[in-house]
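You will see two complexes here that share chain A, one where it goes with chain B and one where it goes with chain C.
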Partner chain A sequence: MTHLTETTILTKPKGPRMIDFSAPRHRKKFGYLLLAPAVILMALIIVYPILLSVDISFQDVRIARVGASDKPWTLDNYRWLFASHEFWRACWVTAKMVVFVGGTALVIGLATALLVNQKFKGRALARLFVALPWAVPEVVATVIWAWMLDSSFGVVNWALLRLGIISEAIQFSQNSTAAFFAVCVVMIWKGYPLMTIMLLAGLQSIPEEQYQAAKVDGASVWQRFWYVTVPNLAPVMGVTLIMTTLWVFRDFAIIHVLTGGGPLGATTTLSIMTFEQSFSYFRMGQGAAVGVVTMLICAFISRALVSRFASKSH
Partner chain B sequence: MATVEFNHIKKSYGSVEAIRDFNLSVDDGDFCVFVGPSGCGKSTALKMLAGLEATTSGTIQIGGRDVTELGPGNRDIAMVFQNYALYPHMTVRKNIGFGLKMRGMPGNEINAKVEDAAKILELTNYLDRKPKALSGGQRQRVALGRAIVREPSAFLMDEPLSNLDAKLRVQTRAEIVNLQKRLGVTTIYVTHDQTEALTMASKIVVMRDGMIQQIGTSHELFTHPRNIFVAGFIGSPGMNFFRGPVELDAGQPVTRFGGHLVRLPAATAALAGTDAVFGIRPEHIQLTTSPINVGLRLVESLGTEKILHFQIPKGQSLTNTEADFGPDDQDRDVQSMLIRVIDDHIYQEGQSVSLLFPQDKIHVFDPATHAAIG
Partner chain C sequence: MTHLSKITVMGAFAISTALTALPAVSETLVFVSWMKDEPGYGDWWNEIIAEYEATHDGVDIEMTRVARDDYANAMFTMFAGGSPPDIVHLAAFEYQPFADEGWLEPLDAWIENSELDLTGWAGQGTCEWDGSTYCIMLLYTGYIMSFNEQMLADAGIDAAPATWDEFLTAARAITKDTDGDGLIDQYGIGLPTKGAGSVMHSMLNFVLDAGGAWTVDGEPTFNSPETIEGISRFKTIFVEKLSPPELGSGDVRQLFIEGRVGMTVDGPWVYNIVKGASDDIRPDLKLAKTPFSPPVGGTSNVLGMPSDLSDDKKQLVWEFIELATSEQFQQRFATLGSSPAPRPGLDYSEEIAKDPYFALFDAANTDAAAAGIDRLPKGLEIEFAEVSKIVLEETQRMLIEDLEPAEAGQRMQDRVLALK
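Entry: the complex of A and B
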C-alpha cells in the first residue's frame, strides 16, 4: 500500500494548469495540435496558389505580378473558354488519352502483376525490371523515346521497316494520329509499372484459401480469375485508375518534350493548353481559367471514383 | 457417399519428408479425424486428398475411383477451410451456390438448393448479406452450407472450429456431428485438438512426423494406446509416465515408485530384470490409504475438478525428448505427475497425500521403442 501511495504522488501533475494530453478528454486536442503545422503549411503552398489562380482566372491579366493592383472581376475568360474550339478539342484529346492510356496501362499492369506474382527463378529480378520505367525520370525517358521514334534514324521506324509492317517511315511529329499514339505509348510505358506494383500488392493480399475453395468448387482458371482475382482487386484497380487518370490529366513533361502539343493541337491536353495560354501567349487570365476548369474536372472524377470504390472495398 | 483410401502415400518437399507411407481406409459414412501436433502432416494429407497438393508417390481412391491425378473440382468432394475462405464480395446466397454455378446448374435449381441448405443451417435470414456482416459462427455455417449444397461424396474439413471462441466451438462441434449423421456423408476432419477428435470421430487417426501412430475409436486410443506418444497426446491432461525396474515379488511383477512397490499387470512378469516406462492416466490414480506418500507441488482448481501436481521420484522421470508430444505441449513438466480428482475436498499446496496406482490401469512401454507392451 505504501508503494502505491508513493507512485500516486509521483505521477500527480505538478501544476494545476498543465493539460494532461493523454487523458481521454484532451486527446483530440493534442491531435489537432500536432496536425496544425502541416495544415498551415498545406494552406500556404496549396490552398493559397489555388485561390490565387481562381482570382486571376476572373481577371483580364496578360502577365500576372504578385502585389500588382487587382483588376475588376470579369467572366470574359470563361466566356472565351467555353466558346473556344481549342478548349473543347483539348478536352476531347485529354479524354481520349485518359481512356486509352488508363485502359492499356491497366491491362498491361494486371498482366505483368499476375506474371511476377508467380513463383519462378529470378522473380526478384523480373520485379525490378518491371518497375524500372517508373524509376526513370520523366524527361529522360521522353528524350530516349523521342530518339527512338525519330523518323530519320529512330529504332522504331527501322524495326517496323525491317519487319515489313510499313513501307515508309512514320512521321511521328507530323502525323496527328501517329503523334497521339506516340505520346500514349510513352505514357503507358511510364505509367504501367505503378499499376503493376499496386496490383501486385493487391494480389498478394488475396488469401490462398479463396483460390483453393474455388478449385474445390470446380472453377476453371478463367473462372477463378473472374470470380476471385478481379473482385478482390477491384478496390486497388479503382484507386490506381484514379491515380493514373489524374496523372494523365496533369502530365506535362512527356507531351511537351515529345510533341509540344502538336501537330495542330493533336496532342494538346488541358495541361498543355494551360501552359500555352499562360506562358506562350501570355494570357494568364485565360490560362488560369483552363487550369481552374481542369482542377474542377479532376476533383469531380476523383470524388466520384473514390466514393464508388471506397464503398466497394468496405 | 463413398469410401476413401490412401495407399502408400508419400509427400516430400525437397529432402523433407512430410508424409511417409500413409495407408488408411475410411468406410462409407465414417467420421474420420486426423489428429496430431502442429507439423505432423495432417493438413498435408487432407490437401492431397482434396487435390490441392500433389502426391510424391502412392494412390488415393474416393468411392473406389483412383483420383490421384484428378483436379480438386473433379474429385466430387467439398471442403471447409480453417478461415472459412468465403468470397467477400458475394452474398451468402452466392457463396453457397458458387460450386453449383461452376457446375453449370440452372439458376432456379441453385436457388432451391441454397434455400434448402440455408434452412438446415438456420441461415435463411442472412442469405442476402455479405460475409462481413456475419458473426464467426454464422460464417462457419455458410462455409458448411457451401459444402453440403453440393451433395459431394466426401466432406473435408481443415480445422473448421479453430477460429471460434470456446463456447461456440462446443456448440458447433455438436452441430457438425449431427449434420454428418443426418447426411451420412463420409467426412475427413483435421484438428490438432484431441478433445474435438475424441468427441466427434467414429475413427481417429493419430499422426506424428508424417506417420500414422495409431488408428482407432476414441475408446481404443484411450484404453489401449499403442505407444508413449499416443498415450501422452490423447487425454486431457495426458498420461503420466515414470521409469522403473520390473521385479518379481512373490512371483508377481512389481516396480518401484520411490522406495515403494507398485503392482503391475500380470502380463509384465516376462519383463522381470529389465527397465520399462510405466504410464497411468491422471484420472486413474486413487487417493486412498497407501504407503506411497507425495507432497502436492501445485493445485489447479477448476471448480469441482482439481488437477494435483506432485513430483516424480528422482531418476524415474522421462527426459524431455522421450516425452515430446509436439510443439503444442511444450510446457509439459516431465518431472511432475498429475492427478485428476472430482470431489469437494479442498487441497492445499504442500499437503501430503497417499496414492494408489490401480494394477489394471498401469500401461507398460518399451523404453527403447516406446511401444506398448502387453
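Entry: the complex of A and C
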C-alpha cells in the first residue's frame, strides 16, 4: 500500500501544470512570451493603420469614417491609379528625386565624413557645423529657403545676378527644372548630415591595421580608399542609403512648403499626391491606393538594398 | 427601522436624485473655431458666449481654438472619428463635403419654426446644398482697392484708377527698378498667386469685370469669350511683370505696407493691416472702390450643427445660432469686426461716423451681394480644390509656354468637365 501511494505521487503531480521555461524544449517559448508585449504594441500602432489603409484603398469612398460600415471592396481606385497620367508622372518625379538627392547626399556626406575624420584644429566645431542642418526643424528650414529662393526679393537670385551667372531672375514657380532642383538642393542640404554622421561612425570603426597593412603593401591613397575604406563602409552606406531613400519617398514638408508640387506637377512626388488626393480633394480611397502602392515600392526597394549590402558585408 | 438606517436610506435617495438631475442642469456645448482670441471677431464670440451662458442656466460653452491652416483637417478628423463639436463653425468654401456626407443637420425646419427671416441675408445662398439649408452665413465681404497715393502721384496719376484700363496704365507707370540693380523692386500691383485658390480668386477680379464667370447656372464657362478676356488680363499683368510672382496674400499685404507695391485688391480686413504700416508710409495708403465691376465678393464663414446630436442638444445649439443671428449681435458684429454684417437693414451710421471707410465696405458688400458674386463657383463646390488646381496648372502652362488665353480657357473647361 505504502509503495503504491509513493509511486502515484511521483508520477502524477496534481494541480495546474507549470511550464519549465528553463527546459531546452520550452526555451524558445519563453523568448516569444517576452517579445509578445512589444509585438502586440507594434501590431496596434503599425500594422492596424496599414491594414486600415489597405481596406480604404479597396473602397469607393471620398471621406472614410472610423467605425462606419464598410463599403463593398472594389478595384476602382487601383484602376484609376494605374490609368492616371498623374500617378506615373509622380513615380517618375519621385524616382528622379531619390536618385539625385540620394546620390548627391552620399557624395557630400562621404566627403564631409572623410574631412571631419581627419585630425585638425577646430574639428569638434566643424563636426557641429556639418550636423547643423539636420538639427533645424524641417518646416522652419524650408520657409527660410523659400525666402532665399524668392524670385523678386530672394538673396539667391540677387547673388546670381550680381555674379553675372544669370541675366534674369529665376522664377522658381514658373520653371519646372528650377523648381525640381530647388527642392533637391533643400533636401540634400537637410539630408546629407545624417549621411555624414553615419559614415563618420563607420570610418571610426575601420581598424587602423588595415590601412597600415595596405601602406606596407604599397597601396596609394586612392587604392586604400577603394580597397579598404569603401568595402568597410559598404554596410553603413547601404543602411544610410535605405534611410535616405525612404526619407525622400515620404518627405512632404519640404515640397509642400517650397513648391506645393508645382509647377505643372514637376515636384509632385507620391507623398504629395497621397496628401492631395486624401486631404485636398477628399478622395480618401484613391489617396489610400497611392499610399499603399508607395508602401509596396518602398518595401521592395528596402528589401533589394538590404539584400545587396548585406551580401557585400559578408 | 433604526434612526441610522433611516438616515442612510434618505441619503441614498437624495444622492440618486441629485445624480439623475445633474445632466439636465450641467450641459457643455463644444465649440471649435479658428477665431478664438482674434481681436474683433474673437471679442464678438466672447460676447455671444457670455450672453448665452447668462440666459441658459447650467449650460456652458467650451470654446477651443484650432489654427486656420489645420482647421479643415482637424474638423474632418473630428467628424470622421465620430466626435464632432456641438457648434459647427466652418469656412464657407469647406462646409459642402460635410453636408454631402450627411454630417450636418438641415436647418430649414429650425429656421421656419423660429421664423428667422433670411431674405437679403448676404451670401446666404452659399449655405444651400442639395435643396436644403445647412448653415447660416456669418460674414460676406465685397472687395475694395487699397493704393499708395504717393506712388501714383510720383507716376503722374492723380486719382485712384476706376476702370481696368486706368488700373493697367497706373500699374505700368508705377512698376520700376528704383535702385538700378537690374531687378524690379517697385511693383504696380500685388496679386496673390501662391496656392491654387488664390490664383483663382485673383483672376476672378478680371473675369467678372470682363463680364465673365467661372460657372453659369452651375455649368462651367471657362471658355466663354468674357472669361477668356479676364484670363487674358491676368496674363498681361504677369507677362509685363507688373506684379511680383509667387506671393501669398500675407506677402502682398506686407509689400503694400512697406511701399513696394502700389495697388492691391483685397477684403476690408486690409484696413487693419494698413493701420499697422510705419508712420512714414501710412498717410499715403488709401482705400477706394475697386476698379472692377462687379467687385469680387466672398462668403467667409458659416455656423451649423452636426446631424447626430440629441434633440435636446440640437435645441441648445439652435438657440446659440439664433443669438448670433439676432439683430443685437449682428449690430455688435459690425462694431467689433469693423465690417458690415450679413443681416440686412442694420444701421451703420455710428460705424460710419467713427470711420468713413465703413461706408466704402458697406457699398462693396452691397454691390457684390446684389450681383450674387461668390469666390466659390456655384456647381463646383465639392470639386473646388481640384478645379482651383486645374486653373493654377493651366495658368502656369499659359505663362510658361506663352499659350493664348483662349487655349488656356479651353483646357480649363475640358478638364473641369471631365471632373464632373
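Note that in this section the second predicted complex is superposed on the first by the 279 of 314 C-alpha atoms of A that agree within 3 Å, B and C clash if a C-alpha of one lies under 4 Å from a C-alpha of the other, contacts with A are read in each partner's own complex, and residues count from 1 in each chain.
Simple rule for what comes next: contacts are C-beta pairs under 8 Å (C-beta built on N, C-alpha and C of every residue); 3 or more make two chains touch, one makes a residue touch a chain.
On a predicted model such as this, the values are computed, not experimentally measured, just so you know.
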Specify the outcome, clash or fit, for chain B and chain C once both structures are aligned onto chain A. fit
Thinking of the overlay built on chain A, is A:Ala131 touched by chain B (first), by chain C (second), by both, or by neither? neither
Go through the superposed model and pick first if A:Asn175 touches only chain B, second if only chain C, both, or neither. second
Report for A:Met243: first if it touches chain B alone, second if chain C alone, otherwise both or neither. neither
Considering only the touch criterion stated at the top, classify A:Trp158 as touching first (chain B), second (chain C), both, or neither. second
Identify the partner contact of A:Val54: answer first if only chain B is touched, second if only chain C is, both if each is, neither if none is. neither
Using the superposition on chain A described above, determine whether A:Ile301 touches chain B (first), chain C (second), both, or neither. neither
Winner on chain A touched-residue count between chain B and chain C: chain C
Give one of first, second, both or neither to describe whether A:Leu114 is in contact with chain B, with chain C, with both, or with none. neither
Tell me the contact category for A:Cys91 with respect to chain B and chain C: first, second, both or neither. neither
If you stack the two complexes on chain A, which partner ends up touching A:Val257: first (chain B), second (chain C), both, or neither? neither
What does the superposition give for the shortest Cα distance from chain B to chain C, in Å? 52
Counting only contacts in the complex, chain C reaches chain A at residues 72-73, 76, 79-82, 97, 100-101, 181-185, 187, 193-196, 244-246, 383, 385-386, 389, 392-393, 396-397, 399-400
Per the touch rule, the chain A residues reaching chain C in their complex are 62-67, 150-153, 157-158, 161-162, 169, 171-176, 260, 262-265, 276, 279-282
Enumerate the contact residues on chain A facing chain B in the complex. 207, 209-210, 212-220, 223, 227-228, 231-232, 234, 312
For a test of understanding, state which residues of chain B touch chain A in their complex under the given definition. 50-52, 71-74, 77-79, 81-83, 85, 87-90, 98-99, 102-103, 146, 150
